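My questions will all concern the structure given below.
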Amino acid sequence: MEYLPEELLICTITRLLEGTGHIAVGVSSPIPGSAALLTRALSNGKTGVTVLNSANLQTLNDGAGELFDRAAQGRIGAFFLSGGQIDGQANINLVGVGQYPQQDVRWSGSFGSAMLYYLVPRVILFREEHTRRTMVDQVDFISAPGTSPPEVYRPGGPYALVTGLGLFHFDKLRARFRLTSIHPGHSLEEILDNTGFGFDYEGEIPITPTPEPDRLSLLRGPIAAEIADPYPKFAAAIFKS
Amino acid sequence: MILNDLSELAARIPDGAKIAIPPSRSGVAIAATHALIARNARGLHIVAIPTSGMQADMLIGAGAVQVMESAGVTLDEQGQAGRFVAAVKAGAIRLMDSTCPALISGLQAAEKGVPFLPMRGLIGSDLLKNRPDYKVVDNPMADGPDPIVLLPAIQPDIALFHAPLADRRGNVWIGKARELMTMAHAAHTTLVTVEEITEGDLMADPLRAPATIPAMYITAIARARGGAMPLALEGVYEADSAALAAYANAARTAEGFAAWLADAPGIAAA
Amino acid sequence: MILNDLSELAARIPDGAKIAIPPSRSGVAIAATHALIARNARGLHIVAIPTSGMQADMLIGAGAVQVMESAGVTLDEQGQAGRFVAAVKAGAIRLMDSTCPALISGLQAAEKGVPFLPMRGLIGSDLLKNRPDYKVVDNPMADGPDPIVLLPAIQPDIALFHAPLADRRGNVWIGKARELMTMAHAAHTTLVTVEEITEGDLMADPLRAPATIPAMYITAIARARGGAMPLALEGVYEADSAALAAYANAARTAEGFAAWLADAPGIAAA
Amino acid sequence: MEYLPEELLICTITRLLEGTGHIAVGVSSPIPGSAALLTRALSNGKTGVTVLNSANLQTLNDGAGELFDRAAQGRIGAFFLSGGQIDGQANINLVGVGQYPQQDVRWSGSFGSAMLYYLVPRVILFREEHTRRTMVDQVDFISAPGTSPPEVYRPGGPYALVTGLGLFHFDKLRARFRLTSIHPGHSLEEILDNTGFGFDYEGEIPITPTPEPDRLSLLRGPIAAEIADPYPKFAAAIFKS
């Protein structure tokens, strides 16, 4: 079955979300949002989803702090973070490039990352652009660190990193990424060339499975309709809905 | 107190004030922001609860902002906030970067009249490193070592926002945008623009009362039809994407922003 | 999840549970309390948010309570809570006396997932002296010495209350009784009785949604018409003073209470 | 003009409340509540009143904590407290008599006193029964202390004590009450006989002014109607309304 690169990413993320009780999705996250909704559709009612800034896909009604309270209450099993820069220790930078505060490149800011990255058990880092610009040896500004010393309260943290080239899992004890699979059409050499940090890999690295046809059908049908609520442009462009 | 127009409202915001503003979907007082720019406000300390977009960018572009305290400034789907980014690069504003729950907890500390609230997270981040006002202490409730961040109370001089409905007694109905309640509780002065003013008593309406800010927290109200436009006001109007895109495009340069501002709907018509 | 009856609801409250209950005017689950007594509950830790009356007194009279944590137990205009007073004199319950805002702050700490919240007051009181779990620290935000009390988070195993309306999705409308929202956010399990169950979606109703507890916080719901009687349910019914006076009178003695309980409306009929 | 003892007390408290921005009244407080409402009626719109547990005389809609938040925000100028015991240092006991916790006499509990007594600038202690049982040398349990060491944050505290026999003001520096006036029909000797604590007084002690006729009219008219909302029995008994 033919598929788009976005559909591969959605299905890859969906496999990482299996078994999650409740998944929260931040702003500007159509691919993670689609994966969360697909997970819910496959979960037989076991998985709930909150998509921020959507009219129908969230039930927040206690102000801008409620999502963070929910995370702190342990009610959120998975969340997505990204970064203008992500480094090999899973530190993320949402603030900018250069010497803070008067930086050469300034992004929006850290949003909820400096809390959610600590408290949500399964944080999935997602950044489609996989280059030495985004995957760096050391971030210029730590919006939220990938690991913390043992005395720091941290039930959550990075679980995996999904990019346009491949899938990595994060080893908290070693504080290093391990390459799990390479997306179809790409190679280890390409990933090594485009990654600014060192990472672990072993032997023959699997190819990321292509989207399961039944999941693709779900995605292009009911999920496309749901994701059009917060992301109408994305739904129109990818799913022609 | 019901004011006659937005210039009266803007006149109540002194230069140098610390102003709390809501996120882009919760009732942003854009029309009042035009009035504030028209009165040539200077030296403002903007506290986004917890993020901002067009409103902060407009105030920064107009040279009204000295300090920007927030967890993010973004035009969302329209991309970067041009005037904010330019001001950061130029060193024209002082940044107090934070994370969403820290701003909300700081506001809640003021609401509760306590000097600080604790929060999990932040430790090991460069946010914390750049915020000497945030303190790390050892959790006294724990048996072993357990560092935790204490956030100082954020008490705004002014809370400024837009809401769907007020009554003549000064009660303001906010719907689900509960952060506006916290802002009004925490702020010294609360200034509100509204779509409509009803003759009834919102606090006497069992369906409206639970989501109404009682008049005792409200300093002044001004009517502003479409007062959040081109941003959305939940349940009243959607965002105007074309107008937001036009703003985003204009705000890429100082000249573009100046031209946009000159073309903006006049205060009198607001 | 909508349960068939109150005994199913009571069966979800294990012996020894820490149960948060609301004050007398905010939706007290009296009918469910009868069911809890009927199932012969034991060893409960009751946390009043922040006070209780007839409900706590009934549970104490029935021998269900081991720990009573509250800022006050009173039958209001009807005077002393007889079973509470008798249990205190007999040393039959362990007291965790506190002050209203400390109980609320403790609950809010659990809502926010932090180990403590600070509060002004309490220093120099015998309340503080008898609460080794309350800690006094020096405010790290202050320049000079500034002792302040830290209250540990109160995380209830169960929040139990009565509300006017629920829907079949599990959303519960609470009106102005906002402490019920905090209780549901903070508790591990939230059990609710309601007057009515509507077929609609309360979260989709712009007037109801702001005062609705979303289903994700609600564990189970049971229908109980008049479930707060003889206490009031705001906007639905007033308190039944004669019935409250009869309770107050009966509760003066163990025998009177036993007779009152035997005469109380059966669980099946609730 | 003829008046009831309750009306004298209401008018005495009203004089103590003049100029207050916002007055909060706790549960089971019909006399302080009437005084607060009379103060509001005389204030030309400057004074607001919140009466707990009333349907129309309060605007609380943020849960059981809102009143305390308001006090902590500095929005409440005056509040009333009472005590099963009140001592000469203005310590109040709302918990019970005897050795805590298994006391011989147990009252309801401390309610909000252990916060409001610290934060509300003008706390008026009101206890109609003035005997050696209620006005004691030292309370058996301190629900909230009358004074605090200088390093304790305490913008509020006791301002005056009104009983069935007289009016006292509290001197925070000396931590002692001073007898301000004696209610008509009572004497210094009676007060000394019935007070378990030492207090200051000087020279000829004034008689508490009798209720001003215009205030009595207000009280028996519009205020009686207002106070009938939270206190119907009281309004019926005192004002025949």
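Going by the order they are written in, the chains are A, B, C and D; count residues from 1 in each one.
One rule holds for everything that comes next: contacts are C-beta pairs under 8 Å (C-beta built on N, C-alpha and C of every residue); 3 or more make two chains touch, one makes a residue touch a chain.
Quick caveat: nothing in here was measured; it's all calculated off a predicted structure.
Participant: Look at the interfaces C-D and A-C and say which one is made up of more C-beta pairs in contact.
Facilitator: Between the two chain pairs, C-D has more contacting C-beta pairs.
Participant: Calculate how many whole Å lie between the centre of chain A and the centre of chain B, each centre taken as the average of the chain's C-alpha atoms.
Facilitator: Between these chains, centre-to-centre, one finds 29 Å.
Participant: Between chain A and chain D, what distance separates the C-alpha centroids? Give it in angstrom.
Facilitator: About 59 Å separates the centre of chain A from that of chain D.
Participant: Indicate the whole-number Å distance between the mean C-alpha point of chain A and the mean C-alpha point of chain C.
Facilitator: 40
Participant: What positions in chain C touch 2 or more of the other chains?
Facilitator: Residue numbers touching two or more other chains: 105, 112-114, 119-120, 146, 148, 176, 178, 181, 209-210.
Participant: Chain A: which residues touch two or more other chains?
Facilitator: 60-62, 65, 72, 119
Participant: I'd like to see which chains touch which, written out pair by pair.
Facilitator: Once each pair is checked, the touching ones are A-B, A-C, B-C, B-D, C-D.
Participant: Which of the residues in chain B come into contact with chain D in the complex?
Facilitator: Residues 110-114, 171, 181, 185-186, 203, 209-210, 212, 214-216.
Participant: Give the list of chain D residues in touch with chain C in this complex.
Facilitator: On the chain D side, the touching residues are 27-28, 53, 60-66, 68, 72, 94-96, 100-104, 106-119, 141-145, 148-149, 151-153, 233.
Participant: Touching residues of chain B toward chain C in the complex: what are they?
Facilitator: Answer in residue numbers: 105, 112-120, 135, 137, 139-142, 146, 148, 150, 152, 174-176, 178, 206-211, 235.
Participant: Chain A touches which residues of chain B in the complex?
Facilitator: Residue list for chain B touching chain A: 22-23, 25-26, 49-51, 70-74, 76-77, 80-81, 84-85, 88-91, 94-95, 97-102, 104-105, 108, 119-128, 130, 144-148, 176-179, 181-182.
Participant: Can you name the residues of chain A that touch chain C in the complex?
Facilitator: 22, 48, 59-62, 65, 69, 71-75, 119
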